[in-house]
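Labels run A, B and C following the written order; every chain starts at residue 1.
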Amino acid sequence: MNAILKVEGLKVEFEHPLGAVKAVDDVSFALLPGERLGLAGESGSGKSTMALSILRMIKPPGRITGGRVSLDGIELSALDHEGIRRLRLAGIAMVPQGSMNSLNPFIRIKAQFADAFRDHGLKLTSAELETRVAELLRTVGLPPHVANLYPHELSGGMKQRACIAIAICLRPKVIIADEPTSALDVVVQRQVMETLARVQRDLGCAIILVGHDMGLMAQFVDRLGVMYAGRLVELAPIAEIITRPRHPYTQALISSLPSLEKRGAMQGIPGLAPLLRDLPPGCAFHPRCPQAQARCHTEKPAVREVAPNQQAACHFA
Amino acid sequence: MTGLLRYLRRNLSLVVGSSLLLFLVAFIVIGHFIVDVEDARALSVRPLQPPSWRYPFGTDRQGRDLLAVMVAGTPLTLQIGFIAGILGVAIGTVLAFVAAYYRGWADTIIRGIADIGLTVPGLLVLIIIAVGIRGGLSVNQMALVVASLAWLNPTRTIRAQVLSLRERGYVEIARMSGMSGPAIIVLELMPNLLPYLAATLVNAVSSAILASIGLEVLGLGPIDAPTLGMTLYWVNFNAAMINGWWWWWLAPTVIIVLVFLGLFFVTVGLDEYANPRLRRSA
Amino acid sequence: MQMLAILKRCGVFVVIVWLAASLNFFLPKLSGQDPVRTKLLQQAQLGGYVQQGIDEMVKIYEVRFGLDRPLWQQYLSYLGDVVRGDFNFSIANYPRTVWDMISESIPWTVGLLGMTTLLSFVIGTILGALLAWPRAPRWMAWLMPPLWALHAIPFFLLGLILMYLLAFQVQWLPIFGGYSMGAVPSLSIAFVLDIIRHATLPALSIILVAVGGWALSMRGMMVTTMGEDYVVFAEGKGLKSLTIFSRYCLRNAILPQITALALALGQILSGAVLVEVIFGYPGIGTLLFQAIRENDHFLIQGIVFTVIVSLGLATLILDLVYPLLDPRISYRRT
């Protein structure tokens, strides 16, 4: 099957007085049509920056310094500003973080849809807009009168579902959801994830889910990529990751998960997440790695196929 | 020391502002050596002389040497500004802490007064006060008059700042560990507020000078003192502009502009220091 | 709830009126001797053609403020007069009433101040928004330093400099007054042009300074707003730069600007008073200056009271209009 979204050697750097910081370092993966891909990692691992860089939404002092992204055969880096603008939402849509106030507090929900339609060249009469918005809201389980409300009149879960409705309003091929349920309570979290899963299935689009909640990932995604210090250190089908993680960092992540059998044995990952501007030489994980050898201190492990459909960046995987 | 220098390289506003103020101080100090301050009194020199080697800034219609007036008057104007500014910030700080730390009715009253006071045009209230106690104000009385309103703005801004500091974790911890209110204020809040207070103070000094000059131009200042504002009052009184005596208003204008620019840039610099988040946007 | 907020805000206005009146009543009494009475007696001793009027005023004054009556009675009757808009006669211009003189100069000040405040607010806000917008032309960055510098200077000082350059040196504009001497006030085009020519310099000295202030604060608000999550999401929605600029940044950053305007009115007015004095512009400021020179206490009190109350009214209106612009605080819905 041909990939719908292909990311090759993507690099993002942030200027810093003490030298450039590599927030995303040589990340490659391919997303299949209709696939649900998860990207997990600690905060500061570069996963959100990754998500933004696919849409070319990195702001100075950040800068995309290398790599290619193509959507359905179209090379994104070849597009001009206007081209990439048109591609956002229509080709790749983002669902913002749940903890954020992503809706403009001063305009009604309906108008936030209308802006999107208009700027993507759709001329709708107000009656057409009315029905379209009502339909989209219904899809995410919101009553039609929400269209005439202001964001502050909605609950956190409702706002997030409104954002999902906006994200799918032009039937994108790919949705990038960056921690869509952060700061929502567990019940609402579940509703939002179910909504997201349903619209993704109905639309048949692929989705990249960014997050750090491994439990959520296990329930939702087909494949999981694990990021550490700006690199994609492991990428494999979710079942493989859960049962046979190859990279020591993934292994630590999995064993830190509370489960029914291992109740009470929840262990964190020893050591602190590294500072991106002061990475250790060799494998960035070696100071925290229980299996580290002399080689890990000096030699940066390349990403390689460790099993069919499973890649990892570790000398010993 | 090198750390300070390196910081100053990044905070250009602070450098420009303090250089301007230092320049003024140097002008005053050196001026006292090269000119007789007594010539700032009326009838001391030949009237209405344009600038020359003898009188670099010229002389006015009442026979004052304008260089001497500037040398003697600039410190007086600064004195009014600093007395009023310091008093204003001191009163404002106390009120702000009481309001923001203890909340409740004290906060309601203090904030209410400050909010109402700020919507009222300050100069007009000062005029009523100055007219009410008329009969030749001295420079220090003038400072007190200006100080009577100078606490409003500091109260308002410091209160907001204390409120945001109050929510920080370390204050919470101090409170839980049984520290008393005043102890928390002095030990935990004050050190964090100092740079902010400094910025507020400079700002208050600047507003106080503006207010005092306003009163003086209207003829409500210390009539015998050669302050910058009084000089402008005489400029206006004698219609120096229409008569073409340009040097008369040029000297005080330039110095007042330097004072305000200096204070303004110092405020901006201190703000940047107190609030580094602004650095990116500035 | 909304009704309560409106009532509260109106209550604040009543308090302002009351404070202004009380200030007028009590401050002259602070210095021990009543300066109004002293001034009146002085004027009466000078004699001259107003002699009779002044004598009458002394009588009226004594009866009205009846020094034999207890203070609270004097105070109450003073408040009553003020509410009725009765500020007594002008001491120096008897038999003209204070209100008569004030109402003559009010249109000049309202015209000058209204126009300059509106213009500088609009220009400064647009400029500040553009300064913050990353896609604005590069040369705009050069506007910042002069804006900063101008912003730090008092209105009337810039007025002096402009007056020297534009009215004295090149004589493009009149140096003094509100209209040419000998011009007959009428609604003719010539007279209106004459008024505009006279207002240009005072207006310019206010606008040039104030524009910088509004531009700086708007730029700060814009920078804050542009970092908001909804602007990031708007970009993710693929909206045009112009849409994001106007509907997601500009509109939202203007609201705090309007709040700031309400707070700044008093300061602007204080500055404008001095500009009027410098240019001899026939508004409230110049009238006040004359009153101070002539020690005309009734006139000073009347002016101060009128100005404080009208500014209080202006901020009241701004505060009541604000919720119509900000949907988060709405008087209309629950």
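Here is the rule we use: a contact is a pair of C-beta atoms (placed from the backbone, for glycine too) under 8 Å apart; a residue touches a chain by one contact, two chains touch by 3 or more.
Quick caveat: nothing in here was measured; it's all calculated off a predicted structure.
When every chain is reduced to the mean of its CA atoms, the largest separation from chain B belongs to A. No other pair of chains has as many C-beta pairs in contact as B-C. Centroids built from CA atoms put chain B at 53 Å from chain A. For the pair chain B and chain C, the distance between mean C-alpha positions equals 22 Å. Centre-to-centre separation of chain A and chain C, using mean CA positions: 54 Å. By the touch criterion stated above, chain C contacts chain A in their complex at residues 228-230, 232-240, 243, 247-248, 251-252, 255, 326-328. Against chain C, in their complex, chain B makes its touches with residues 112, 115-116, 118-125, 127-129, 131-135, 210-211, 213-214, 217-220, 232, 236, 241-242, 244, 246, 249, 253, 256-257, 260-261, 263-265, 268, 278, 281.
By the touch rule above, chain A contacts chain C in their complex via residues 55, 57, 85-90, 93-94, 96-97, 100-107, 115-116, 118-120, 150, 152, 163, 166. Chain C makes touch with chain B in their complex at residues 12, 15-16, 19-20, 23-24, 27-28, 30-31, 35, 148-149, 151-154, 156-157, 160-161, 163-164, 168, 175-176, 220, 223-224, 262-263, 265-267, 269-271, 273-274, 277-278, 288-289, 292-293, 297, 300-301, 303-304, 307-308, 311-312, 315.
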